[in-house]
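The following pair of complexes shares a single chain, chain A, combined with chain B in the former and chain C in the latter.
After this line comes the complex of A and B, so read on.
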């Protein structure tokens, strides 16, 4: 089995004159936590959107476990084992947290009988177990629109994890989370994902989070990868510090 | 609340039977109300997904005309009803494949447009449909028997009541199932469904087809009960009436459409008898009152009362 889980080659996508992807070549290795950093508008979210089928690249290919997935519909990509979470949590706001998790489990398990309830014992138990792993048990019965940002982020990621993906792409999992909660959120995430042996790619603006949790970091700049490697080496690069981290530290502050 | 709903459904059914005994002329009104309640259950499914159809009278009319066309060759009521229902569902699948691509006002208006095309065809194709004169439905058989008028009315009332209970029970299960819950999810975060691997369009389409099955069945019951089918059954005001009943009854539970339909028909009958020129205004005032004081419809009012007692 190859160590490369996801491979992007020559990805290009422009919005008008703005190049969001300008020849992106990237391998995501099985089991790693890869952080993507870079200033706003550098194309980080565009990469996630192309990988998960929300956007189709104008050129280039994406392959997952050796098979092409370029331009596939999101739900076909999910079926292959890739899930994502969102910068703005996408929860079903009229449902409870438990029902949100159960819906994700149901999505994985379908097709369904229209006569059996969503909260059938097996799925209810699995959803409760999932929420417990994410530290969300106390708010399992709360409506999703009544949660604070940290809980919404975790619930959003929990729904993606419920799909049992092998690759999870997270768009700014800590943005909007209070500074006091941030490390706790990431520690919870790292623990759950490592235990589930999920490979993770995450867009992040907080360099402390990157240094602490990423195995590798890719620096995005104007639709290109400006640097790629272990956090200690990449974040120590003077050019990266000047061009990216200066902005990031400023943004984080 | 589920227990309250069950008790109310059984109690409501018993009350309707009692009313039908005490006031025989009400049997007809109640049978029509139950049929419309079944059609409105379909509207409720779509409302769960945040979609309003202003064209579901199409399926009511289609089901009724299927009965009108087939009754001369196959007058058995218990065959005509499922045939009308299935053919309506087939039409709903064809239309649904198209309209399920659209949302909100576009969904509502496309349904309206398609229903009005069908209405025009019913009116213009006089050779087949007898235009605005409509088609008289001959005396249908029931379980192979030719019944007296009174007995046939009882048979249709009982059939409509049993079907309403069965379909209401099915809808309750459906809404609690992943399919029903995914319908609500379409309203709040459709994109997320796609990123969970679920085809939102397929979820909506299945609910749409179910709603057209119910619409077709309702049309068949109306045709067999009124024994006269005209294009008016497919007019846009009838579609509006179904949405009106859905709002009046409330979309919170499967009982809401029946509460709405029975209230609607009774208010209409009594208002029309007492204030022949102003019955629409009275219906409007009733709806305004319900919306102002009970935004979740009559079922919402029942829920509030049940909670206060608990």
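After this line comes the complex of A and C, so read on.
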């Protein structure tokens, strides 16, 4: 059995009367791609926010590589080796794509020599190499606000990968990406993440993407995990189909 | 027209030189205010107090040290040291103890808090320096006068106001633009300004960037004050006058503009100075008339885009 990288136990968090996490227990195994699916408001993003320090659970614990990280500040969690991307790509629009990547490298390398340039040779080279792996070399010098959605998503995730995480949490990596680009974006992602041996947890609404790329899928429903297992089995479950996928297909239509 | 120039040419020349020196000081204060607002999103009314305290500290420190045998040539360095002390001590104190508690609050509350701080610091100045004018023009006397050729004649003008003030302002402008656009720390400041959450997600310590930026802005305000101190006798209220004029520059230029703030400071400094010489009754009004006229036509300021970069 492969070892547990991240372990969540009994996570609870309510916003007013809404239970965004109502006893979440989940182990993320080292090296796997775990998809999180479920209707809007089921608490998928809340789980990512709790794991990355943006929200503190009201009860329960999260441990990473065996050590507790519950309630730690986001940047301390980043330093442990957990990175995230947001549903809306959070690129620095004042910077070029290359500078964005170099900023992530700089953040990882800190502390800084403050007056040295951002694009010093070693970082420039590493940033170029990173963008190459993501197939973004052609737009390295474009400003981040000039990109199409697929490129923005990839650049955003490239920045997270630049932090050299062992665990990457992605909130809807394909949302907003044109259908024609979607599979290509995910293929690139999967290739880079597997090569870098990054464990990935991603929220996804497209069941084709889930079926093709996830090792396991967790179904979120009203703050709970309703089902967990290999995609073929989980997605075939009639209840999951009715409760979750039906809603997804309906929402997508 | 020719006749008018014959009669008033030298006066106009003097007004332009005065305006240039004045614009340099206004720019130093306005650009710091603008930087702090762009990054922290707090309009710091107490920025003017840092200017005033910088001025008083520079004058007093100079008087104190020269009474103890400080050579005259060091009086210029004293101005810079005073500014670094004031900005470097008060800046972090204000940011850590006060501003950091109100970042998430409504802008109205932020304004009230920094206005309260301004009132407290105004009274603190009166407690420390009294209400009698404080003057120390050693730095200006040190450099003497320079005859500026103008329209076939010469205008004697202090070399300090002619070279030091504009020189420091230009150095600040170029240095700041280079710092923000070329250095790592500058790029990180811009990144935190664009998206604090994303910067935090990369492991950047945004609160340290806030502290650094505010301290930097505080040093710029104190430097503006310190550099102004040799040119005028200091009286209570100097901070209020400066902050209001800086607001006018920032609003006219557009928030977040560095070069724009420089051009606007020049425009407002020169027109105010021309008013002083030719229409003294309009002196106070001129900068605000310019501001109102610009904002009526371009609400986002002369150089600001509707919603654009903030530093």
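By definition in this document, the second predicted complex is superposed on the first by the 249 of 253 C-alpha atoms of A that agree within 3 Å, B and C clash if a C-alpha of one lies under 4 Å from a C-alpha of the other, contacts with A are read in each partner's own complex, and residues count from 1 in each chain.
Rule of thumb we're sticking to: a contact is a pair of C-beta atoms (placed from the backbone, for glycine too) under 8 Å apart; a residue touches a chain by one contact, two chains touch by 3 or more.
This structure is a prediction, so every number in the text was calculated from the model and none was measured.
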| item | value |
| --- | --- |
| Chain C versus chain B on the shared chain A, clash or fit after superposition | clash |
| Which of chain B and chain C A:14 touches, first, second, both or neither | neither |
| First, second, both or neither for A:75, with chain B first and chain C second | both |
| Which of chain B and chain C A:52 touches, first, second, both or neither | both |
| Partner chain in contact with A:29 - chain B first, chain C second, else both or neither | neither |
| Touching partner for A:118 - first (chain B), second (chain C), both, neither | both |
| Contacts of A:84 with chain B and chain C, given as first, second, both or neither | both |
| Overlapping contact positions on chain A, where the chain C interface meets the chain B interface | 52, 74-75, 78-79, 83-84, 86, 90-95, 99, 103-104, 106-108, 110, 112-118, 159, 163 |
| For the chain C and chain A complex, residues of the former touching the latter | 179, 182-185, 187-188, 190-191, 193-195, 197-205, 309 |
| Complex contacts: residues of chain B adjacent to chain A | 170, 173-174, 176-182, 184-185, 187-189, 191-199 |
| For the chain A and chain B complex, residues of the former touching the latter | 52, 54, 73-75, 78-79, 83-84, 86, 90-95, 99, 102-104, 106-108, 110, 112-119, 159, 163 |
| Chain C-touching residues of chain A, taken from the complex the two chains share | 52, 74-75, 78-79, 83-84, 86, 90-95, 99, 103-104, 106-108, 110, 112-118, 120, 159-160, 163 |
